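Chain lettering (A, B, C and D) follows the sequence in which the chains are written, and residue indices restart at 1 in each chain.
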Amino acid sequence: MHVSVVGLGNMGHAIAANLLKARFALTVWNRTPQRADNLVAAGAARAATPADAGRADIVITMLADDGAVEHVVFEEGVLESLPRNAIHVSMGTISVRLSERLTAAHAQRGSTFVAAPVFGRPDAAAAGRLFVIAAGRGDALDQCEPVFGAIGQRTFRVGEHPPHANVIKLAGNFLIASMIESLSEAVALARKSGIDARAFIDLLTNTLFAAPAYKTYGGLIAEERYRPAGFRMPLGLKDVTLALDAARDRTVPLPIASLVRDRMLEALANGYDDADWSALGAVAAKAAGLRRSSR
Amino acid sequence: MHVSVVGLGNMGHAIAANLLKARFALTVWNRTPQRADNLVAAGAARAATPADAGRADIVITMLADDGAVEHVVFEEGVLESLPRNAIHVSMGTISVRLSERLTAAHAQRGSTFVAAPVFGRPDAAAAGRLFVIAAGRGDALDQCEPVFGAIGQRTFRVGEHPPHANVIKLAGNFLIASMIESLSEAVALARKSGIDARAFIDLLTNTLFAAPAYKTYGGLIAEERYRPAGFRMPLGLKDVTLALDAARDRTVPLPIASLVRDRMLEALANGYDDADWSALGAVAAKAAGLRRSSR
Amino acid sequence: MHVSVVGLGNMGHAIAANLLKARFALTVWNRTPQRADNLVAAGAARAATPADAGRADIVITMLADDGAVEHVVFEEGVLESLPRNAIHVSMGTISVRLSERLTAAHAQRGSTFVAAPVFGRPDAAAAGRLFVIAAGRGDALDQCEPVFGAIGQRTFRVGEHPPHANVIKLAGNFLIASMIESLSEAVALARKSGIDARAFIDLLTNTLFAAPAYKTYGGLIAEERYRPAGFRMPLGLKDVTLALDAARDRTVPLPIASLVRDRMLEALANGYDDADWSALGAVAAKAAGLRRSSR
Amino acid sequence: MHVSVVGLGNMGHAIAANLLKARFALTVWNRTPQRADNLVAAGAARAATPADAGRADIVITMLADDGAVEHVVFEEGVLESLPRNAIHVSMGTISVRLSERLTAAHAQRGSTFVAAPVFGRPDAAAAGRLFVIAAGRGDALDQCEPVFGAIGQRTFRVGEHPPHANVIKLAGNFLIASMIESLSEAVALARKSGIDARAFIDLLTNTLFAAPAYKTYGGLIAEERYRPAGFRMPLGLKDVTLALDAARDRTVPLPIASLVRDRMLEALANGYDDADWSALGAVAAKAAGLRRSSR
């Protein structure tokens, strides 16, 4: 089975490497071609264009945003070059609307669209420990099974309608963002009460909230360690905005998402555009009149 | 060591039963005396009044709200009858202000105040599996150690200043409430997108949010199973309001808490006063125009 | 001077009629041609296409949304047919981004773009009593002066940069929407306190808030008279969303706008899509558990 | 008719002066007695204690907050010394709960309670141009009519139940606060778009919002002129909090009030405790990353 990966950022590169390791016939493409060098050295073919990459059984796109996906698919030839019965798997975080458009465009041409966004940070991608949220036609998902197996620890099939996977991904990121904001406020209250923030987070994550996400983000907020970014604030804003867009299209109010979006804008307007999205903690601290601790 | 328990609701009764099992000399008091009957049958002494209960080495209060605590302590004699060097341990969820007042009142009389609110629902209390968040003078906490050991799985000492324990308890309940609201919004989005709510929660709690609290509350919201209540909405509102009050006294804005408070008021105004606080899920569903599923 | 009006909804039709009355040489175009009949009977020329209408000294577009403007301007030929040195005046409520795009597109072709959104409802348009908020090159605004004079009671020049006029229009509509929401909440509080809503509004608008907008919207909310719509809820949502979009592009959080947007979504999800945007009053009343009064 | 005024702050002093001018037999009391000196010089009697002041036909209290009213009425003898059939008129902004308590306490003793809060700033009080919102028994309001006539431009009778007047006063102040916040956000958007804030406010207040409150507060925000304070931020917070408290007692969510309260807390936590409540404009500007303009 011939697989292509289009987009070799942190996530795409790790995915491609794992596919190579699993001995797939792999073609790769990236706008900045050097990103592909070590993969090519390890046995991958280099596509000259997205259209070249499109000549495969399965084409995976792992790109930064809707614009990038639209560009390679509709303007640079992925859609056109993809053989009938071949599969386009979008693994990045894209809008539900674009997922709907891709579903229709592929159906019209006789190819198949699968949405398979993932949960997991780059380290999980490198370790092949992603969670894959996959939606699409059953036979296509069957065909993708070995691919998903090579890059993730578990695949969740969430039905035949690709956009469902995107809704779930966006809802998941919204939940993380709202957890970050809530923790930020709680930590501000604790700190201004004279309670040690680190001890406070330790206590919470050993009692009520023994989940990795709470430990990770609670720790960053308690230590005000917002740089280097694991997931940059503008990407967080993008995802919360996509969740709000999908919700608007379905006439669903998401007041917490709206609130978080405003706090993210405040973060961006005040110098946190290069920081991790946990820098919502800095916004909450500032609102409470807390100075940055001296560490 | 002679211990009294004042207040035998679900939590207080379970705590008293565990102290009996651990062979403490136990005195109990409850405004409705019949609640004490089976404890007395099992060996506890029945206090005729709160003042009687106050004649002990350690008096635990586990009462519904500030008013109940103030009444037994300041008006019905617990403070006056408590011996010098004896300890008053407040385990209920009380305001930070009352905790400050109790700290001062006991200090003035030569007795000691310890705040030791707990995390855990009545079943955890019955199983002796509570988490105890304790703050107070070190020697007093040492003395309380066997008591805490009999009723909880772990004790967290959070310093010498009793109100700190109350801030942490309230912050924890605020975080649970904000998690419930976030999940409620996410589930509304999923349902209105045509995604099965139960499957959505299963996926989340097997990936990003593998924490018991997410499983418990996510499940209740997905199944719209808001009655019988594990923790009633008015109590949830009380605790979020206490968190907001403490935050106001420290000049800390908590916008998520404010938002959750308003949703809780909406729930109470629309017939959910006897429901679990997870009925925020019903408010979010209604806001999205979803009808109650037919189960 | 030859003037065209493209778009003959309530507002566009009234504007065209006033231009006729003021004896401008007038050409009109509307997608549903019958809307033009009485104007043609009164002396206007009927354009066969938007491109035909574009052959004028000043082309006014007064269309429902960005999509409609983009369609007639970029796809149906208004831009192309507009003579060099002629002026396109957009009077509808469009996005700031589209205004930027139109500014650039016209500049490139040697024509001029003027943004001139208006404040005022259809009755004010009919009476020639609109307020015109105009931005664009000074010489172009000079040329438009007689047109603005024929349709409005006063023109505000707000600079050379057309998008500024659109920001101001959107900010104005955001302020109206936030006033409606605030009044809705205040009326819910008054009603649930047993205070007559009508008397409450009368008092406010005779003391603190002696402004027509408060009288109009306060009256509608107090009387729960949400239909027929003066300005439909979906249009309100569109404008608040455009304000939020412009604010996001400038990294400005607008928490009140976010809140109002969510309440509008709740209104739309609960049957108020054909109601006036003052039906935010119904959302606030429902949140407070108030039943519709029996009138 | 013998009238007493208890509390000679800016408002109370102005009221007392107008009552003297209108030739009422006047007794005054203030905790800091020097505030009364010029009134005494002009013919007022000085009460030695609140109880002394209570021996009158009508006792007006104009005090800073609930605590001050409770103190003079319940602990310093105003209630006890007030003759049967005499009237206590509370003109300050007090809580609805205290108004209920005063209504009951006076009824029990055979005296009468009237709530008559006012709209208007100190300059309106000095000019006798206040608006009086009065509620209480009809005969008592009749008796107060000449007093109200001497201090205000118009009296609104809002029924027999005194707390209704307090609800209306608090709702009015909530509406002003929400207007300030909305204007603050709109001005931040305008400024960050490059639009002159002063011109923006002029335009709005000459079109949509030709109300004095918009002119006053819009001007302060546009000019960032937050000191000296006309109405201090902590008082604004107090009033919004009282509105939220009354709403909670009636199970009415007020999401805009909650949002404004949080922004006021942010203002207080960041150095605006001595500023006018229009300094919400500074909070919105900071959230948008705007620097204070150099004026």
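To be clear about the criterion, contacts are C-beta pairs under 8 Å (C-beta built on N, C-alpha and C of every residue); 3 or more make two chains touch, one makes a residue touch a chain.
Quick caveat: nothing in here was measured; it's all calculated off a predicted structure.
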Same vs different contact residues, chain A with chain D, by half of numbers used: same
Longest centre-to-centre distance from chain A, chain (CA-based): D
Centre distance in Å when chain A and chain D are each reduced to the mean of their C-alpha atoms: 52
Distance from the mean Cα position of chain B to that of chain A, given in whole angstrom: 37
Residues of chain A engaged with two or more neighbouring chains: 247, 251-255, 259, 262-263, 265-266, 268-269, 287-289
Residues of chain A touching chain B in the complex: 96, 119, 131, 133, 154, 156, 158-159, 161, 163-164, 167-168, 171-172, 174-176, 178-179, 181-183, 185-186, 188-190, 192-195, 199-200, 203-204, 206-214, 243, 246-247, 250-257, 259, 263, 287-289
List of chain D residues in touch with chain A within their complex: 262, 265-266, 268-271, 286-289
Chain A contact footprint on chain C (complex, rising order): 241, 247-248, 251-255, 258-259, 261-263, 265-266, 268-269
